[in-house]
Amino acid sequence: MRPMDVERLKALLEAVRAGTVDTANALSELRDLPFRDLGFATVDHHRQLRTGVPEVIFGEPKTAEQIVAIAAELARTGQNVLITRLDPAKAAAVQAELPGLKIAAAARTATLEQRPIPARPCAPIAVVTAGTADVPVAEEAAETLRMIGIGVSRVYDVGVAGIHRLLDRRATLEASSGVIVVAGMEGALPSVVGGLTGRPVIGVPTSIGYGAHLGGIAPMLTMLSSCAAGLTVVNIDNGFGAAMAMGRILPLPE
Amino acid sequence: MRPMDVERLKALLEAVRAGTVDTANALSELRDLPFRDLGFATVDHHRQLRTGVPEVIFGEPKTAEQIVAIAAELARTGQNVLITRLDPAKAAAVQAELPGLKIAAAARTATLEQRPIPARPCAPIAVVTAGTADVPVAEEAAETLRMIGIGVSRVYDVGVAGIHRLLDRRATLEASSGVIVVAGMEGALPSVVGGLTGRPVIGVPTSIGYGAHLGGIAPMLTMLSSCAAGLTVVNIDNGFGAAMAMGRILPLPE
Amino acid sequence: MRPMDVERLKALLEAVRAGTVDTANALSELRDLPFRDLGFATVDHHRQLRTGVPEVIFGEPKTAEQIVAIAAELARTGQNVLITRLDPAKAAAVQAELPGLKIAAAARTATLEQRPIPARPCAPIAVVTAGTADVPVAEEAAETLRMIGIGVSRVYDVGVAGIHRLLDRRATLEASSGVIVVAGMEGALPSVVGGLTGRPVIGVPTSIGYGAHLGGIAPMLTMLSSCAAGLTVVNIDNGFGAAMAMGRILPLPE
Amino acid sequence: MRPMDVERLKALLEAVRAGTVDTANALSELRDLPFRDLGFATVDHHRQLRTGVPEVIFGEPKTAEQIVAIAAELARTGQNVLITRLDPAKAAAVQAELPGLKIAAAARTATLEQRPIPARPCAPIAVVTAGTADVPVAEEAAETLRMIGIGVSRVYDVGVAGIHRLLDRRATLEASSGVIVVAGMEGALPSVVGGLTGRPVIGVPTSIGYGAHLGGIAPMLTMLSSCAAGLTVVNIDNGFGAAMAMGRILPLPE
Amino acid sequence: MRPMDVERLKALLEAVRAGTVDTANALSELRDLPFRDLGFATVDHHRQLRTGVPEVIFGEPKTAEQIVAIAAELARTGQNVLITRLDPAKAAAVQAELPGLKIAAAARTATLEQRPIPARPCAPIAVVTAGTADVPVAEEAAETLRMIGIGVSRVYDVGVAGIHRLLDRRATLEASSGVIVVAGMEGALPSVVGGLTGRPVIGVPTSIGYGAHLGGIAPMLTMLSSCAAGLTVVNIDNGFGAAMAMGRILPLPE
Amino acid sequence: MRPMDVERLKALLEAVRAGTVDTANALSELRDLPFRDLGFATVDHHRQLRTGVPEVIFGEPKTAEQIVAIAAELARTGQNVLITRLDPAKAAAVQAELPGLKIAAAARTATLEQRPIPARPCAPIAVVTAGTADVPVAEEAAETLRMIGIGVSRVYDVGVAGIHRLLDRRATLEASSGVIVVAGMEGALPSVVGGLTGRPVIGVPTSIGYGAHLGGIAPMLTMLSSCAAGLTVVNIDNGFGAAMAMGRILPLPE
Amino acid sequence: MRPMDVERLKALLEAVRAGTVDTANALSELRDLPFRDLGFATVDHHRQLRTGVPEVIFGEPKTAEQIVAIAAELARTGQNVLITRLDPAKAAAVQAELPGLKIAAAARTATLEQRPIPARPCAPIAVVTAGTADVPVAEEAAETLRMIGIGVSRVYDVGVAGIHRLLDRRATLEASSGVIVVAGMEGALPSVVGGLTGRPVIGVPTSIGYGAHLGGIAPMLTMLSSCAAGLTVVNIDNGFGAAMAMGRILPLPE
Amino acid sequence: MRPMDVERLKALLEAVRAGTVDTANALSELRDLPFRDLGFATVDHHRQLRTGVPEVIFGEPKTAEQIVAIAAELARTGQNVLITRLDPAKAAAVQAELPGLKIAAAARTATLEQRPIPARPCAPIAVVTAGTADVPVAEEAAETLRMIGIGVSRVYDVGVAGIHRLLDRRATLEASSGVIVVAGMEGALPSVVGGLTGRPVIGVPTSIGYGAHLGGIAPMLTMLSSCAAGLTVVNIDNGFGAAMAMGRILPLPE
C-alpha cells in the first residue's frame, strides 16, 4: 500500500472515530478507494521477501538502455534481479553499467544477487535435455531454479533415439522433487520420462529443429498430445516458466 | 517380474553357485534377459495399489464392446476403474453390462469403485471455469481428482469479462493446494488466476467457442503465451490430464 | 454489495466511532474485505436497467434444458432476454417452455421482451451483407441492435463483384450512425465500405464459403489486413458482437 | 474533380443551353463521364481539410527516397503528414531531406505539421498496454490520435497477471471517450478492460512474445474470441488503425 | 438505367436548355446522381443476353425453398439458369417444384435451359482428372462449360503415378483450346500437363484425400507453387470457377 | 501394348522390310506412336503377375455401387483384389454383390483372393502400435502385407509412456525384416524404435487423439522431426502405404 | 531428337529394310528407345524459336556465379534470356560479367535481348496494382510480358479503399486483352476488377502487409475465395507466372 | 558395457559362485544394475565398426567451437566423422582446427575419414532432383551415402514440368537399389518416380520456393498425400535422413 493511501485511509478512520464523518459517508468513501489500497502489492512484496523470488526482467524485446534503467531501479531496493533472454551484445552492454551483474552465458541470463537466497526444503529438480542443442533452455531453467533457492540435477543429452541413455539415469529422476524435460526435434522425451517416474514432470519444447518442426510447434503439440498422464507443458524455449512452475509446486523456505 | 523370468534367473544363479555355469557364460546370458525382468511392472503395480490410482480407459476411440471387455478384465483384478470421454449412448451400453458402474453425466465419465480411495493429506484443489459451457471439462477433472483421493472446490463461471466474480472468490483459491483453470473462448482466465495466487496453476483450454477460436487452439496458445510466470498447460479439454498432474504434485496417502 | 457485507462494514465503522476498535485494527480488517463489496455488480446492474441492455444467453453450447432454466431465472427478474445461436430444434423446445419467447428464425435468435426498450438518440446502423447467404449473421446483428434500442437499415447482397450495387446505396451508408459489414467468401466488402464512408465501420467475417476460405479464416484475415484505415473486426459469424460494439459507441438513451 | 473534366462537363451543359447539342445526345455523353467527375476526391478533400486528418504514408515497405518524394509532394499542398512504421535509419534519412519533420522515436512515426490540428470535442482516449514492450504500438496510436485532434491518457504496463494494477486505473478508463488496449503475449487484457467499462474498446494484438505466440497470431485470436461483448480488433501491431477507428467514432471538430 | 433516373436527367437537361437552370447548378446536381444511372446493370444485362451466360445460383448454403424461389424468379425472365453444389436431397426437392429442371447428378448441378446456348467459335476444353474420385468436380466444370457454349473433351483418371496414361492422351490436350486439370491427393497433375502443352492450363485442387492433404489445402499449395510457368489456380473443388475462367479467355459467339 | 498398336507397328516394320515405306517416312511415323505402345502397361502387368501384388481400390470416396463395378471388372481378369478404407455399411453392400469377398473388419479392408499369393523370401515385418486405438491402421498394414506375400509379427500397445513394454519386445523387432510403427497421440514411438533397431523403420501417424493433436498433424510432424536417423514417414492413417513401401524394400518372390 | 538417337533409329530401319534384322527383334528394340527420341525437346524448341519466349532463370536461390554460368551458356545459343527475382547486389555482379544485360531495377529482373521479340497480335494487358508497394511484382509481370511480345497498360495504386480511383480507369481495363491484378494487404482488388470486366483476370497476391496478412497468405486465400466468377490466381509475388499465363491465353505472333 | 560395470557384475557372480552372496540377494542386486550394463552401447559400437557408419554431428545449432570440440573427441577414437548443415564460415573455422577435415561445399557437409569405408554389396542409389536449386540437399544425401559405403547415381534437374527429362533417365532409375527424390516447389516429382519404378523411393521436400510453398511445407504435404503407393517421406531438406534410411534398407558390408 502506498503511504499516501494508508494515510488517507487512516485519516478517514480517525475522522469516524472523532465523529466528524458519519458511518454512511465513510461507507461511501471507502467504496471508492483504489484497489491497491487493499494491500495486493504488499502481500506480493512480503511473499517475495520471504521466499527470495527475484525481480525478473524479460530482456528480449528491450534495448540495453531500457534493461539498465529497470535493473538499476530494482537494484536500489536491495532485491535480487534475474534478466532472461539476454543476447551476448546486450549482456556486455548491461554489465558495463552494472558491474555487480553476473552473466550466465549458456543460459542467456544475468543475475544480481544482493541478498542471500534461502534454500527450499526439498530435493533438487532434475533438468533433462534431449540433445546438446537444448542446453541453453535447460540452463535458463537451472539459473531460475537457483535464484529461487532450488537445487538442480543436470541430465543432458538423453534423447529417445538412444533410450538406454535415459534408462541409465533413472535413479537421478527418482531422487528428484520433479523433472523439467527440455526437448526440441520431435519432443518425445517428456512422454517417456512421464512413464518412468511418478514425479511432477513439466515439458519444455524448444526451437531446435527445422522443416516440419515449425520452430518448436511440432514438439509443443507432441507434448500437449502426450499419452503420459499428468504431463504439463510451457511455451517453446520457456525454461524460465518451467522453473517458476516448480517454484509454485515446491515448499517455501522455512 | 514374471514368475517364469524370476525362476529362470534363480536357476542361473543356482547353476553359478553350483559351478555348472561359469562366470563368463552367466555374464553373457544375463545380458540377454528381457528388461521387464528388472521389475518395472512390479514397481508400477505396487505404486498403484498403495496410492489408489485407478486404471483408466480412454473411451472416445473405443466401441462400447471394447470398453466393456477391458473394464471387465480390469474389474476382475479388484482395481478401481475410471472411464473418460464416454458419450451417453456408450455409457448406457457399458452400464448395461457392468451394473456396478457409476456414471457422472456432467463429466462424461464412469467409475467402478471396488476398493476405498485413500485420501491425500492436502487441501482440496480449486477447479475454476470461465463459463458454464466449460463445466464438463471441469467435472472430468473433478471426477479424476476424486478417484485419486483429492478433494475439490468448485469455482465456476468466473470469466475475465466480469473480473469481480473471480476476485470475490480469492479466498477459495488461497485455501487450495492448487488451481485447475478451465477456459474456452479467449482462455485468459489462467493468466489472471496465476497473478492472484502463488499456488500451482494448471490451465486447461477448452473447445468451447467458434470462429477464430479454432476449436480450442486460440485459448491453448493464449495460455502457453501467458505472462503469468509458472503457469503450465495441458491439452484442449483435457481435464483428466490436469487432475493427474495435480496427483503428481500432491503428497501420497500415508 | 451484499447486505451481509454492508452490515459488516457498518458495524466496523460504528465500532471505530464508539472507540471499541482502534484505527490500526480497522485498517487491517478493511484490507481483507471482499472486492464485490465495492459495488461492481451494483454498478453493472444500474447501467443495465437504465440502458435496457438485455441479459444474453449464448445458446450454442447449451442444451435446451439448460437454456430454459437460465432464461426462466432471468425472466423472473423482469429483465429482457436475448438468446443467440439457437438452432430451430432448440428454439422450438425452449419456446414450448417459455411461451412469451419470440423467435427470429432468420437470425437464429429468440427474445423475451418484458420491459420497453428505450431508443438510443441516434440514426440507425446500416447492416450490409456481401451475399444472401450472409443474411443470418446480419440478422443476428439486427436483432441485437433492436434489443439495445438502435434502429437498422438493411443493405443486403451488395458484394464487391458487382460494385455498382453498393455504390447505388451510398446514401444509406452516409445517413447511418455506423456500418456493420457482414461478408463471407473473400471478405472484401468492409474495405470498400470503409473507403466510401467516414462512419464507424465494423467488419464481420462469415463462415460462408469453402476450400481456401477455411471456414471464415480467409475473410477474417482479409478484414484485419484491410488498407481502409480505421476498420475494426469481430469474430467469424459474430453479428451479436458487432452490434454490441455499436452499442458501446452510440449515445445511451436519455 | 480534375479541371479538364469540369471544363468538359461545363462545355457540354453550355452546348445544351445554346441548343447545339440536344437532350438525347447530352444524355448519352453524360453516361460515359468518368466517375471521379462526380466529385469523390473533392468530397474526401473537403472532409480532410475540415477535420485535420493528415495524409498518411505507410513507411515500412518504402525506401527512404520514396518516402521523401511522397512527403515532399504532400508537403507542397500545405497538408499535415504522418509517416508510420519508420525505422530509425530511414527516419534519419528522411529528416535530412525534410528538416521540418518531427520524429517520435518511441512510436516509430514522423510528422509534418503545417497547419493547426483542430481539437475534437471529446474526452481523451485511454491507451492501455499490457507490458512495457507493447509501448511502441501504443505510441503509434497516441501519435495518430494527436494528429487527428484527440487527446490521450496513457495507462501502461497493467497486464492481467497483476490485475490490481489495472483495477487501480479504473477511473482513467471511465473518464475516457474510449479505450485502445495494446497487448502481446496472451492478449487477455482487452477482455478484462471490456468487462470493466462500457466505453468503446478496441484491442490491438502485438508481436511481442515468442513460441506459441506465433508473432502475434495468438493474442489476435484471443481478442477475436473474447467473451467481452462488443470488443473489436485491428491487425497485429496496428496502433495506427485503432486510432483511426477512434477517429471515426468520435465527433468531428466544430 | 431506371426510367425514373432517365426522366430526372432528361428534365435537368431540358431545364438547362430552357435556361431555367444555369450551368453551375446543373453541374452541382449532376455530381449527385446515383451511379447506377450510368448504366452498369444494363451493360451487364446486354452482355449476358448476347453470350448466353446463364444466371448462376450457388446452392450449398441455401435451403431448397430459397433455391426454388430464386430460380423461379430467374425463370420468369426467360434466362437460362445453372445451380451448382446441389446435393441430391435438395436437387429432388427443387425439381419437384421446377419440373423443367434437368439434374446432372455426377456434377451436383441442375440446369434450366430456356433459350438456345450459342456455341463459342473454338475447340473444346480438355477437362482432365487425376483420379476417378475427382470426377464430380470435373463434371461441374463440364456442365458449366456446356452452359456457356463451350465443348468438352474428358480425359479422366490419368494421375501422375502412372504417367503413361497421360502421355497417351497428349493429342487430346493439343487439340483443345485450354485444359482444366482437376486433382486431389498431391495435386501434381497440373504441373505435368503445364509442361506438356502450351495451351492455357487452370488447376483445380480437390478435397479428395486425407491426413496431410488437409481437405484440399495440400494440392492447392502444390499447384500455386508449381514450377510449370503460366499455370493458374482456382479454389478447392471449384470446377465452376475454372470453367468460367475459360469463358473469359475464349472468344464470344459471333 | 495393345494388340492394335503392336499390329500397327509390325505392319510398319513389314512395310519397311518390303520397301513400300522408306526410312524417312517410317522415322516420322514412329515419332507419333502413342507412348503406351512402348510397353509401359505390359511391364507393369508382368511385374504384378509375378509378384502377386493385388489390384487396389481406395474405397473411401467411392459409393458401394462404384466399388462393386470396379471390383467385378478386376475380378474377371483373375487378379487378386484389395479394397481399403471400407466402412462396415459399404463392406456389407459390396459383399452382397461379390460373395467371394472376405472382409477384415478390424482393418476396414476386403479382399478377393483368386490366385495364390507367392511368399516373399524374407523374415516377417513387425507391425507395432502405441495404443489399442491405433490397431485398425496397423491391421490395414498387416492385411496389405499379407496380400503381397509378406509375413507379419504384431507388437501392439507398447507406447512410450510405458517404455518397458517395448523393451520387452526387442527380440521381435530384431528378428524382423523391417518395422512399421503406428502411433497417434504424440507419435513418439517410431523415434524410440528407430533408436533400438537398425532395421528399416516406417512411421505411420494416426488420427487417434484430440485437441493439439490436430487430427494426426501433431504425430506426423513429430515423426518427420525425429532425431532417429533414417526413419521415414507416410501419411496419417496410411497403413496401406507403409506396407507397400515395405513391399518395395523386400526381395520379390523367387 | 538427338542426332545420336536419330542415327540409331535410322540404322535399325535400314537393317530391317536390308533384312538383317527381322520384325520381331526390331519391335523389341523399338520398345526400349528412350522417350526423348520421340521429339519432345525439338517441339519445345521450335515453339520457343517461333514465339520468342525467352529462356528464364529463377535468380533467387542461385548465386551470382551460378546465374552468370547459366546465362552465358544460354547466351551462346542466341536466345533471349530473362532473369527474375534478382536482388541489386547479384544484378550488379551478373552485369559485370555479362555487359549486354539490361537491368530493370523496379522489376528485380534482368534481360538479354539477342533477337527481336515478335509482337503478339492483341491489345495490351492491363497490369493493375492496389498500392505503390505492389509495383515491383507488377513490374516483374510487365517485363515478362514485354519479353514475350505483349504490350502493357499500367494502372497503379487503385486499391479498393478508394474505389473511385479504379472506376476512373475502367476504359483502360475494357481496352485490354486481359488484366493482371497485383494486390497485397487484403487482396480484394481482383474481385472488384473481376466484377467490372469480362476480360480474363489473373490475381497476384503480394507479400506486402504485416500481421494477419501472414506474408501474403491472407490475400492469396482472399483471391481464391473470390465471389467474382472466373478469376484465377497465381502464387504470392509471382508476377512472372501471371504474365506467362497471359502468354498461354493470347494468340502467338503470326 | 563400461569396464566398471562388467567388473561389478563379474564380482557379483564370483561371490555367488563362492557362496558369499546367496541367490536372493544376488537377484535383488541384479535388478538394480543400470541398463547400459546390458550392452546396448557395445552392440551399437560393434555395429558401427563393422558397417563403417560414421559418427554424425548436426552442425546447424552449434557454434564452430562446439563442433571442433566434439569432432576432436570423436577423432581420437579413430572413427569416421560426418558433419552436416555446416555453413561456409563455420566450415572454414572448423577446418582451421581440424586440418584433416574435407569440406563438401555443395553438400554443406564436412568429413573426417580415418578408416576405409567398406562398400555395401548393392547397386548405387539414384539421387534425383527436380531443379538445380535442390542440389545442395541432394549432395547432402550423396555425401552421407558415400560415408556409409553406398554408391550414387546423380539424376539432377528433371522436374515434372518437363517430364521428358525424367523419362529419358528411366534406365538409371531401374538400375538403382533405390531412389531418393529431392524436390522443392510443388514437390510432385516423387509421385511420378514412384509410378515409373518399383524400387524403394524416398521423397525429400526442400525449402526451395516461395509464397504458398511455405518454406517446404507445401511439397512435404504433397509427398505425404501422394497417390504413388509405397512412397515414404523425410523432413524438409533432410538429405541426410533419406540416405540413412537407405542405409537401413540395403545389405551391410560382408
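All chains are identified by letter, namely A, B, C, D, E, F, G and H, in their written order; residue positions are counted from 1 within each chain.
Everything that follows uses one rule, which is that a contact is a pair of C-beta atoms (placed from the backbone, for glycine too) under 8 Å apart; a residue touches a chain by one contact, two chains touch by 3 or more.
Remember, it's a predicted structure, so these values are computed and weren't measured experimentally.
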item	value
Set of chains adjacent to chain B and to chain H	A, F
Interface with more contacting C-beta pairs, comparing A-C to E-G	E-G
Most distant chain from chain A by Cα centroid	E
Chain A and chain F, separation of their C-alpha mean positions in angstrom	50
CA centroid of chain D to CA centroid of chain H, Å	54
Inter-chain centre distance, chain C versus chain E - centres from mean C-alpha coordinates, in Å	38
Junction residues of chain H - those touching two or more other chains	35, 162, 167, 211-213, 217, 220, 224-226, 229, 235-236
All pairs of touching chains, each written as two labels joined by a dash	A-B, A-C, A-D, A-F, A-H, B-C, B-D, B-F, B-H, C-D, C-E, C-G, D-E, D-G, E-F, E-G, E-H, F-G, F-H, G-H
Chain H contact footprint on chain G (complex, rising order)	34-36, 40-41, 44, 58, 60-62, 66, 205, 207, 215-217, 220, 235-238
Interfacial residue positions of chain E with respect to chain F in the complex	132-133, 162, 164-165, 167-168, 208, 210-213
Residue numbers on chain H that touch chain E, as the complex places them	130-131, 159-163, 167, 185-188, 191-192, 194-196, 209, 211-214, 217-229
Touching residues (chain side chain D, partner chain C) in the complex	47, 56, 198-202, 220, 224-226, 229-236, 240-242, 244-249
Residue numbers on chain F that touch chain G, as the complex places them	1, 6, 9-10, 13-14, 16-17, 19, 23, 26-27, 30-31, 33, 35, 38-39
